[in-house]
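Quick heads-up: structures coming right below.
Here chain A shows up in two complexes: once beside chain B, once beside chain C.
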Partner chain A sequence: MAMVTGTSGRVRVIAAHIFMVAFLALILFPFLMIISISLRPGNFASGSLIPTEISFEHWALALGIPYELPDGRVLQPPFPVLLWLWNSVKVAFWTAFLILVLSTTSAYAFARMHFFGKRTILNSILILQMFPAVLALVAIYAIFETIGHYIPWLGINSHGGLILAYLGGIALHVWTIKGYFDSIPKEIEDAARVDGATPFQTFRYVTLPMAVPILAVVFVLAFVMAIIEYPVASVLMQTTDQLTLAVGSRFYLQEQRYLWGNFAAAAILSGLPITIVFLIAQRWIVSGLTAGGVKG
Partner chain B sequence: MNTRASVQPRAGHLFAPNSASRVRRNGAYWLQAWLPKLVLAPSVAAALFFVYGFMLWTFVLSLTNSRMLPSYEFVGFAQYARLLSNDRWLVASTNLVIFGALFIAICLAIGIVLAILLDQRIRHEGAIRTIYLYPMALSFIVTGVAWKWILNPGLGIQQVVRDWGWESFTFDWLVNPDMAVYTLVIAGVWQASGFVMALFLAGLRAVDDSIIKAAQLDGASLPRIYWRVVLPCLRPVLFSAVMILAHIAIKSFDLVVALTGGGPGYASDLPATFMYDFSFSRSQIGMGAASAMMMLAGVLAIIVPYLYSELRSRDRG
Partner chain C sequence: MNKEALKPYIKWGVLSLFSLCALYVVMVIHMTGRPVLAVLVMTGFFLTAYIYTSAKAYTFRYLFPGLVGMGLFVVLPLAYTINMSFTNYSSTNLLTFQRATNYLLDETYRPAGGDSYRFTLHPAGDDYRIQLVSDGSGAHYLTEPFALPVDQTVYLDAAAVQVGEAALESLDSALPVREVIQHRNSLQEVVVQLPSGAEVGMAGLREFATVLPLFKAEDDGALVNQVTGEVLRPNFESGFYETEAGERVPPGFRVQVGLNNYERIVNDPAFQGPFVRIFGWTVAFAGLTVLFTLIVGLGLAVLLSWEKLNYRGVYRLLLFLPYAVPGFISILVFRGLFNENFGEINLILDSLFGLRVSWFSDPALAKTMILIVNTWLGYPYIMILCMGLLKAIPNDLYEASSLAGVGPLGNLFKITAPLVMKPLLPLLIASFAFNFNNFVLIALLTGGRPDFIGTTVPSGTTDILVTYTYRIAFEDAGRDFGLAAAISAVIFIMVAIMSFINLRVMKVDRVEAR
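Take a look at the complex of A and B:
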C-alpha cells in the first residue's frame, strides 16, 4: 500500500527521503564508532571517528593470534573469543531450533484443534511471558543447581542447562505462529482431509509449507534473543570455557581498565552470526510479520 | 507416526489413501482425539515448569530469610517490609516507571513515523529497512558500551562540541544523578525503534487498499486518512508492539549494567538490577526474591487490564 498519489506527492517523497537519511545517520553512527575504535591502536576511546592510524592488533587478538607490537613486545590474546563465539552460536542454534519445533506444534494445536480450556491456556501464556527470566534468576539458579546433581549435562555451567532455560521463552512465539495459522484458510486443510490425509499429514504437507515465512521470523528472533541474552547466561555459566560471547565481552570492561579496542573487535565479531542469519532470512521477515503478530 | 508411510506426498500434492489403510484409519482417529494433548504437552510443560515453577519458587524464597544460599526458614512478609522501607528500591521502581513510559512512547512514535515514511516508495527500501532493524541484533551490552562512550562527557558528544569551539556546552546526563535514567531511554530507543518500525510496516502493508480508496473518494486528506482510517486498522499491531516493548523495558538489565552500572550511586537503578545486586552480590536472596515478586505484581496490575480489554473488544468485534 503505497500512498503516493495526488499533487503534493513529489515534495512528500523528497521530504521523506531527507528524514530517512537523517535517521539513518543517527542509527549508523554508533556502529561506525565501534568499527573505528576496533581499528585504532591501543585501548583508548578518545580520538577522531576516522582513525589516523590503522592497526589490526585488536582483530588479531580477537581471532586468537598473538600480536607483535612495533617495539617488540608480544600481546597475548586475553580471552578465547572464538571459543565464546562458537558457544554462542551453538546455544543459539539449538535454542532456536527447539523453540521452533515446540512452538510450531503447539501453535497448530491452538489454531486448529478444539479442546477444553484452550482460551484460558492461550491467554495465560501471554501473561506469563511478561514475567521475564531476569526476575526468576534466583529460582533459575537454584533449580539448575538441583538438576545438576542428577543430570550433570543439564546443570549449572552446562550448555544443555542454558538451552533448557531459554526454552521458557516460547510463549510469544506460540502466539506469533498461531496468528499466522489463523490467517491460512481452513478450507485448504479440509480439502486435504477429504482426500484422506490424517491430521498429521495435513499439518506436515499442507499447513507447514505455507508457514515458512513466519517460521523464519520465529527462528531469527529466537536465535537473536539467545545470542544477545546476558543475565541468565551470566548466572548459569561459570567457567571461562563455557561462557557465551555476550557474557564474555563484559570481561573487557573491568572497573579499572577498559579494553575498548578489544571489546569493540569482539562486539563486531558477536554481531557476525546474527548478520548472516539476518541476511538469509531478511526477505521473509517483513512478510512474515505481516501475517503474524498477536491476533486474538 | 506409522500413518505417514501410507501416503506418498509429491511436491505438496496429496494422494488419497488406498483402501488397505482402513485399520490405520482407526489409529488416525485415535490420534486425532489425542493429538492436541500430545502436541501441547511438551510446550505447556515447559511453560508451566519454567514460568509458574520459577515464579512459585521465587515466591517461596521471598518468604524466607535466605541470604547467600536458599534456606527454608520462613519469616513471613518481613522481606517485603524491609524492601518497602529501602530507599534504593523506591528509586529503582520510580526509574522503571519513567524509563518504561518514555521508552514505550518514544519507540512507538518513532516506529510509526518511520514505517509511514518508509511506505512512501522510498528508494532502496530493503537496505534501509535492514539497517534500521540491525541495532536489535546487537546485545544490550554492546549498545550500552557504545552509548556510554558517546554520552561520556570527557569523550563523546560534549567533548566534540567543545572542540568545535562552544566551550560552555554541557551534556553530562550520564554522570548527572537526575538525568542518568534518561540516557537509558536514549540507548533503549536506539536499539528497539527499528523493530517497532518493522512491525508497523508489516501492518501497514496488510491494510486493505480498498478502505483507503474509499476514504480518498470521500475527499479525506492524507493525514486524516492515516489518523482516522489506517492507524485504527493497526490496533492489533499496536497491541503486539506494546507487549513486546513492555517486556523489553521490564527485563532491561544488561543495558543498565553496561551503560550506567546503576549509577551515579544508585540513581539509575532499575528493579531488575536491584534484584540482581541484592541476590547475587549482597547475598540477600530473600530480599531479591521479594523485589522480583513486587515487580511481578506491578506488571500484572498494569498488563492484565490492558490485555483483558484488548482481547475482550476483539472477541466482540
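Take a look at the complex of A and C:
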C-alpha cells in the first residue's frame, strides 16, 4: 500500500467509522433492549426504554436462585436454564467435533484426488444438504426409536441420539472445506512430494496446518448450528432434564404465562458461551494464510 | 525399539480388535432377530476393513468417513421419508401390522357368569399388594407384593386368606380411589392368578373379574370375536382389520398405499389453492434474503479487511454478535420487540412518528418484518465466509492495483468480488436452499400468520413450504405423516431441480472439471 495518505484517504476513514458506528447502533439495538428488559422489574413493558428501577430478579431466576421480592413473596426459577445450557453446549461440542473428523479428509479428497464419479458425488452432496432435517422429522423420530431398542443411549430422549441426528449437517461443511483446499496452491504440496513426503504426510503436515482457519470456521458454524437447532431437538428430547436450550426457551413465551423479563435474562446468559467460543476461534479465522506460504 | 518395526504389529493388532468388535456387534444385531440388518452392518464392516487395508482403495480412505456419515445421517432419513410417503402412516394408522394384531389379541371381555371380586390396593413398603374379596363367596385373596408402575402384563399369584389372619390384619389400609385412578393404566396390565387357577383382571375401579381374550387368532390370520362370533380379516389396502361387512376395527396399521398421497396433493383443492401463493413467497423470501445478506455481508467484510481502518477488531466482534446469539433466541426477542401492542419498536415509532405498525396482522408488513429479521440473522454468516476468502486473496494483487492507481471501488469490483464469488457461489446456493426451508424463523416469528381467509387447511400469508407442510402434518388432528412425507418429497424434488439449474447456469460443473 502507498505510504502517503492524502486528505481523501483520511476522509474515507472517518466516513467509514461514522458508517460503522451508525450501522452498529442499528444492529445492536435488540441487544441493548434485551439487556434493559432483563433488568427491569416484572414481566411486562413499563413504557420506558431505559429502566427507571433496576431489579436483578430475572438474573437471579435465570441462574437458578430463588428471588425474594420487596413484599416478601419468593419467586422460584421457572425453568432449569443452566442445565439446558449445559445440555446444548455438550451436544453442540460433540457435534462440531465429529463433523470435523468426518468431513476434513473427504473434503481433501474431493479437492485434490481423482476418482470415478467425483463430480456426481459432489453435486449430489450439494443437493442432499438442501433437504433439511425438518422435512425428515417423522423419519428421524422413527429411526431413533428403532435404534433406541438396541442402544438406549442413542435412542429417543438421549443426547447421543441427538448428536447423531445433527451429523446430518456434514454435507455443507464438506463443501466449505473443499472450497478452501481448492484455494490453497497445489505447488506447495508438489514441493513436499518432491522432498519425499507420502500423500498422507503431505496432507497431515503441509495442507492441514494451512487449513486450520477454515476448520475453525467450520467448527464454529457447526457448533452454532447445533445450538440453534430447534425442530429435531424438539422431537427427540422429551423430558425437562434432557431438553436443549432451543427447545426449552420457547416455554418462556407461552400465551398463558408470558415471562418476557425472565426470558431476556436467560437469553443473554445463553448467548455468552457461544460468543466466548466464537472469540476463541476468531484468532485462527483472522490469521494470515496462503499469502505467506507462496511468497516464502 | 524401532518404531518402523513395530508398525505391522500395530496394524494387525488394530485390525483384529476392529474385527472382534465388528463380529460382536453383528452377533448382537442378529440375536435380536434382524438378519437383514446384520448382513448390511457386516458388509459395512467388511468394506471399512478393506478400504483401510487395501492399497487400491487409497483414495477412499479419505472419502470414507464423509461418505458414510452422509449415507447414514442424510440419505437414510431421506430414503425413509420417501418410503413413508407411499404409506398411510398417520394417527389412525400408527402401529405396525404385528403390533395392531397384538393390540386386538390383548383385548378382553367378561364372560357371562364369571366371578367378580371387589379389589383394594394396599401399600406394602415401596411395593403394593392387591386384596380381592369374592362377591359370591366372600372369600378373601391377597396377592404377592409387586412394584408400580408396570408397562407390560404381569402375572401375580394370589393366596386365599382368612379374615383375622395375621397377613390380613397387618395389611396397610387401602389406598383411596383417587390414587387407584393414578395407577389405572398399570393395574390394567395386572392379571391375578387365583388358587383355583382362574385368572382375573381389572374390570372397574373397584372390581376385578374373570376376563377372557376377546379375539382368537385363526391359522389363516383371521381373528374371531369370541362374543359375537364375527370374523375379522386384515385388509392390507385400507390398513385395518375389517368385519365381513367391511366395517373397520381400530387400531389401523401401516400399509403401502402406492401413489395415494401424491394423488391427493395434485387433485385435492384444499392443497392446490394456497400452494402456488406459498411457493411464490418461499422463493421471494429465500432469494431476497440471500441478496440482502450478501450485500451487507460482503460490504462489511471488505470494510473490515481494510487495513487503514482502526478498531477493526472491535467492529468485527460487535458485527458478529447477531450470529453469536442463538437464532431461536434472537427470533423470540424480535417477536417480543415487534409486538404490536407492547413491543419496544412500536413504542419508539409511536413516540417519534405517532405510528403503530401492525407487524403481525398485515401480510406485507409481516413479510417486511421477516426479511428485516432474517437479514439481521444472516449477514454475519456471509461476512465470516467472505473474510476467510478475502484472506486467501494474495496482497500482491492489491499492491499492483494500487500502483496502477485503482481506487477502492475498482478493487472491490475488479479483484475482490470476482475472486470471492467463485468459492462463494456454492455457499450462496446452499444459503438459498437453507432459507427456502427456514422453518425455525417462520415458525417462531409469525407461525405463518396472518392466515389466508377461507382455506380448509391451516395456511398463512407468511407460511413457506416447510411450515405449510408442518401445519398439515402436525397442527391438523389427523397427523397425516404419510401425506407430509409425500409433500416433503415434492419439496425435495423442487429444491433438487432448482439447484441443478443453478449448477448448470453458473457452470460450477466446468470449474470442477478442471
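Rule of thumb we're sticking to: the second predicted complex is superposed on the first by the 258 of 296 C-alpha atoms of A that agree within 3 Å, B and C clash if a C-alpha of one lies under 4 Å from a C-alpha of the other, contacts with A are read in each partner's own complex, and residues count from 1 in each chain.
The working rule: a contact is a pair of C-beta atoms (placed from the backbone, for glycine too) under 8 Å apart; a residue touches a chain by one contact, two chains touch by 3 or more.
Note that the coordinates shown come from a computational prediction; the quantities given were computed from them, not determined experimentally.
By the touch criterion defined above, A:125 lies against chain B and chain C together after alignment on the C-alpha atoms of chain A.
Residue contacts after overlaying the shared chain place A:108 against chain B and chain C alike.
When the two structures are aligned on the shared chain, A:182 is found in touch with chain C, with no touch to chain B. In the superposition on chain A, A:197 makes contact with chain B only, while chain C stays out of contact range. In the superposition on chain A, A:27 contacts both chain B and chain C. Judged by the touch definition given at the top, the superposed model places A:213 against chain C, while chain B stays out of reach.
Legend: residue contacts after superposition of the two complexes on their common chain; A:150 is shown touching chain C, with no touch to chain B. Judged by the touch definition given at the top, the superposed model places A:246 against both chain B and chain C.
Chain A residues 1-2, 5, 12-13, 16-17, 19-20, 24, 27-28, 30-31, 33-34, 37, 45, 102-103, 105-106, 108-110, 113-115, 121, 123, 125-136, 138-140, 142-143, 165, 167-168, 170-172, 174, 199, 224, 227-228, 230-231, 246, 249-250, 253, 260, 263, 267, 270-271, 274-275, 278-279, 282, 285-286, 288-291, 294 lie at the interface with chain B in one structure and with chain C in the other. Residues of chain B touching chain A in their complex: 1, 3-4, 7, 9, 12, 14-17, 21, 28, 31-32, 35-37, 39-40, 42-44, 46-47, 49-55, 57-58, 61, 70, 114, 117-123, 126, 128-143, 145-147, 149-150, 152, 154-155, 159, 190, 194, 198-199, 201-207, 209, 212, 216, 222, 225, 236-237, 239-240, 243-244, 246-247, 250-251, 253-254, 257-258, 272, 275-276, 279-280, 285, 288-289, 292, 295-296, 299-300, 303-304, 307, 310-311, 314-315.
Listing the residues of chain C that touch chain A in their complex gives 28-29, 32, 58-70, 72-78, 80-81, 84, 89, 303, 306-311, 315-330, 332-337, 342-344, 347-348, 376, 381, 384-385, 387-389, 391-392, 394-395, 398-399, 402, 408, 423, 426-427, 429-430, 433-434, 436-437, 439-440, 443-444, 466, 469-470, 473, 481, 484-485, 488, 491-492, 495-496, 499-500, 503, 509, 512-513. Within the complex formed with chain C, the residues of chain A that make contact are 1-2, 5, 9, 12-13, 16-17, 19-20, 24, 27-28, 30-31, 33-34, 37, 44-45, 47, 49, 101-103, 105-110, 113-115, 118-119, 121-123, 125-136, 138-140, 142-143, 149-150, 164-165, 167-168, 170-172, 174-176, 179-180, 182-184, 199, 203, 213-214, 217, 220-221, 224, 227-228, 230-231, 245-246, 249-250, 252-253, 260, 263-264, 267, 270-271, 274-275, 278-279, 282, 285-286, 288-291, 294. Residues 1-6, 12-13, 16-17, 19-20, 23-24, 26-31, 33-34, 37, 45-46, 102-103, 105-106, 108-110, 113-115, 121, 123, 125-140, 142-143, 165, 167-168, 170-172, 174, 192, 195-201, 204-206, 209, 224, 227-231, 235, 246, 249-250, 253, 260, 263, 267, 270-271, 274-275, 278-279, 282, 285-296 of chain A are the ones that touch chain B when the two sit in their complex.
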